[in-house]
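Going in written order, the chains are labelled A, B and C, and every chain counts its residues from 1.
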Amino acid sequence: MKKVLKYVILDIVQNKTVLIYTLLLAIISFSVFSLESNSSKGLLSLLNIILIIVPLICIVFSTIYIYNSAEFIELLLSQPLKRKAIWLSIFGGLAVSLALAFLIGVGIPILIYQPNGTGFMMIAAGLFLTVVFVSIALLSASFTRDKAKGIGLSVFIWLYSSLIFDAVVLFLLFQFQDYPLERVMVILSFLNPIDLSRIQMLLQIDISALMGYTGAIFREFFGNNTGIAMSFLGLTGWIAIPLFISLRKFEKKDL
Amino acid sequence: MKKLFPILIFAIFFGLSTQAKTYFVGKGREITKIQKAIDLAKNGDTIMVDAGLYKEKNIIIQKSITLIGINHPVLDGENKYAIITIKANNAKVEGFKIQHTGRSEITELGAIMIYDSYKVSAVNNILDDNNFGIFVQNSKSCTIKNNSITAYGKNELQSGNGIHCWHSDSLIIVGNKIKGHRDGLYFEFVKNTLVWRNISTENVRYGIHFMFSNHNTYIGNIFEKNEAGVAVMYSANINMYNNYFLDNWGDATYGILLKDIRDSNISGNNFTKNTIGLYMEACSRINLYKNIFKNNGWAVKIQASCEDNDFTKNNFIGNTFDIGTNGSLVLNTFTGNYWDKYEGYDLNKDNVGDVPYHPVSMYAMIIDSNPAALMLFRSLIVTLLDKTEKLLPGVTPENLKDNKPVMRPLPL
Amino acid sequence: MIEAKNITKTFGKLKALDNISLSFDKGQCIALLGPNGCGKTTLIKTILGMVVPNSGEILFDGKPIAKEWLYRNQIGYMPQIGRYPENMTIANIFDMMKDIRKESAKQLDEDLIESFNLNSMMNKKMHTLSGGTRQKVSAALAFLFNPDVLILDEPTAGLDPLSSEKLKEKIIIEKEKGKLVLITSHVLSELDELITQVFYMQDGKILFYKNLSELKNETGEEKLTKAISKIMMAY
């Protein structure tokens, strides 16, 4: 697997889209930190980048890359390689390169301006989201042979997890207003990797508002180390499960 | 000699007229017990106590004497007794370390108990691990100054208040440091009192708690990291200037909670990092000006039961929510404040924004009725809702607005 | 060397391979022929394990290939369309393949790299190359590891006549070394000097599988093109 991974990474890090993505992130991050008078406000602006732009770019780029690599994948399949090794190499290549782009574009500015717990949490959340959406891209690409459909599916998944899911949650909240919903909310947050990351990051930034109001459950769950560990375990699940399903599909796929 | 002469005359005159005596108490002295010296003394006498450990159960002062500790002699209540009880005008207790009062569910036991007296002073004492610290009842014009009052309260029931005043008038409470009691300062039916430069931190309940206490002034106090912040109720004509309400956060924690407060001034105060900086319920005619609200969860929560309160020239910076409210009825005014979330413009460059600022966001309203919605905090859907609401107000109270928001932070 | 037993593969309603049995041996050079969509490519992909048949099995050197991958060490495959990750250089591609197959390669066969003069553009990125050059890379890769079996899908499509000729010469050399060569091509005239057998498919079935000499005798034609068209008339 290492053999292929190395070259896939080599290919993707030289990709123009990835280079532009890195540069864009770096420009936004540096300007956010240097324009905002107080750097925690800068972190808040970065929060939106991490929650919206990073997943979108990661999922769309990865999907397109997989479709564009169809012939390359065929060529690899004709070589003495296990299918699993090929698929994991592609996943690894995308994950490593995009994570690297994020580290350079967002990680470095954060380390310069906010080298503290909050900053590290944002970097961790961003890295996890990167890998999660690469994994989901693999899944959606394994569902259909049609490139346009695959990209459409990916964009929809992104839209779903960044907007539609939350809208549904909000709707449910109003429908069941009379019931205690905090515990349900904790569970619901695990169904969306973006929500999960956002809550973890917010606990580092806007902690006062979060803790004060919803009462003990939110704080007890998310506020302590077990909760943080659980959240990242949840995110790991969001990486592992789509990857596993896509791997199973790829192993049986006719190319 | 010429210079000394008037002083000498004065000294003789003074000495003759009062005939004050000074008693010394200590190990190896004639008098070894403080209570014995008090019994011997007459009004106006002074008792000096050497350093050392004194376990005299409850010391009772019923004369106008001055009791001074040299190098903080330790008065120990052996976890059973109240330690000093004063029932005399013009008595003074200074320079002691007073520790380990008893705890009782029937009577209040404190380190310094002042009953029915006039012009009593408690100065420069160190109070450690007591149930109540300084307890004042039915007294007038007492001075409580520069005491350091520490307890280690775990819960509200087993802990007394740091400075507890009941039915008193014209007290002066200055420069005390109170920590770890139930309420740092507690006033009930106290009036015309000055509370100045005290520091009340990490108390089990409130940093300061007063009820039915009118015409009091609070200046330059610091209330920090109290479990429930500060709560003041049912009072009128309160002046609060230049106080600090800091780091009070938790499930139901306020920088300050005002309930049924009327005709008061709140100015120059600093509310930083509180879950709710200022909470107002059934308040009326309060002028709030030149305060700083910074990095709070909610800067201000103002219930619809409030009326005629006026917010002028305050700075709102870095708060998650600027204003929260529970209804659409708005009978309060906001004028000339600085809001860091203001996105308007100032075409004529007079530092006043040309469009009004609506400090209540739709999401703040949602949270108020549905706290679990906090899960969606800072999500895209919430941002979109807020922006839509700004363009087409439907849910947020339309007339809760600042018509003259300033463009730059006010120099406070 | 390669044996197929009752292979069937369907894509939805389409029967791409319909109960096909065959046996290819060393030293043979087989032309896989047939109209578009007859199942040629599917057959190749089945042999390579890219397509898993619904039923039947394929044996490589007597062993079933299902869930195996190491047998591909002995296969050199040249795909119809060679598209590579765009930012890799030719050198990257060769290095990667060498990394993948280094255990199995007895000795590297770099004849085609030389005759196509690929060495001079080793550092060019794939997306800057013409289709023909990419074909050359594909061809060179297929032969590089000196495999026992060569599977060439439309090898000369897109190659200039000179390179095409070089490739044919190479195929002949390898065939004479006793290797098994499978070729699909639309340009029948090219195949005359190369092949020993003709494997003709239609609608997922084998129409015929004959020696070239046999075919020519039966039809009385000297040219493959004519022989095929004559035999097709008969069916």
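One rule holds in what follows: a contact is a pair of C-beta atoms (placed from the backbone, for glycine too) under 8 Å apart; a residue touches a chain by one contact, two chains touch by 3 or more.
On a predicted model such as this, the values are computed, not experimentally measured, just so you know.
Between the chains A-B lie more C-beta contact pairs than between any other two chains.
Averaging the CA coordinates per chain and comparing them to the mean over all protein CA atoms picks out A as nearest. Here the spacing of chain A and chain B, counted between their Cα centres, is 48 Å. Mean C-alpha positions place chain B and chain C at a centre distance of 89 Å. Chain A and chain C, compared by their mean Cα positions, are separated by 42 Å. The part of chain B that touches chain A in the complex is made up of residues 249-253, 273-276, 295-298, 318, 320-321, 366-367, 369-384. Remark: chain A residues 3-4, 6-8, 10-12, 14-15, 68-72, 74-75, 77-83, 252, 254-255 touch chain C in the complex. By the touch criterion given at the top, residues 38, 40-41, 44, 47-48, 51-52, 162-163, 166-167, 169-170, 173-174, 177, 180-182, 184-186, 188-189, 194-195, 198-199, 202, 206-216, 218-219 of chain A touch chain B in their complex. The touching residues of chain C, counted against chain A in their complex, run 9, 11, 45, 48-52, 69-73, 75, 77, 79, 81-88, 92-93, 95-97, 99-101, 104, 138, 151.
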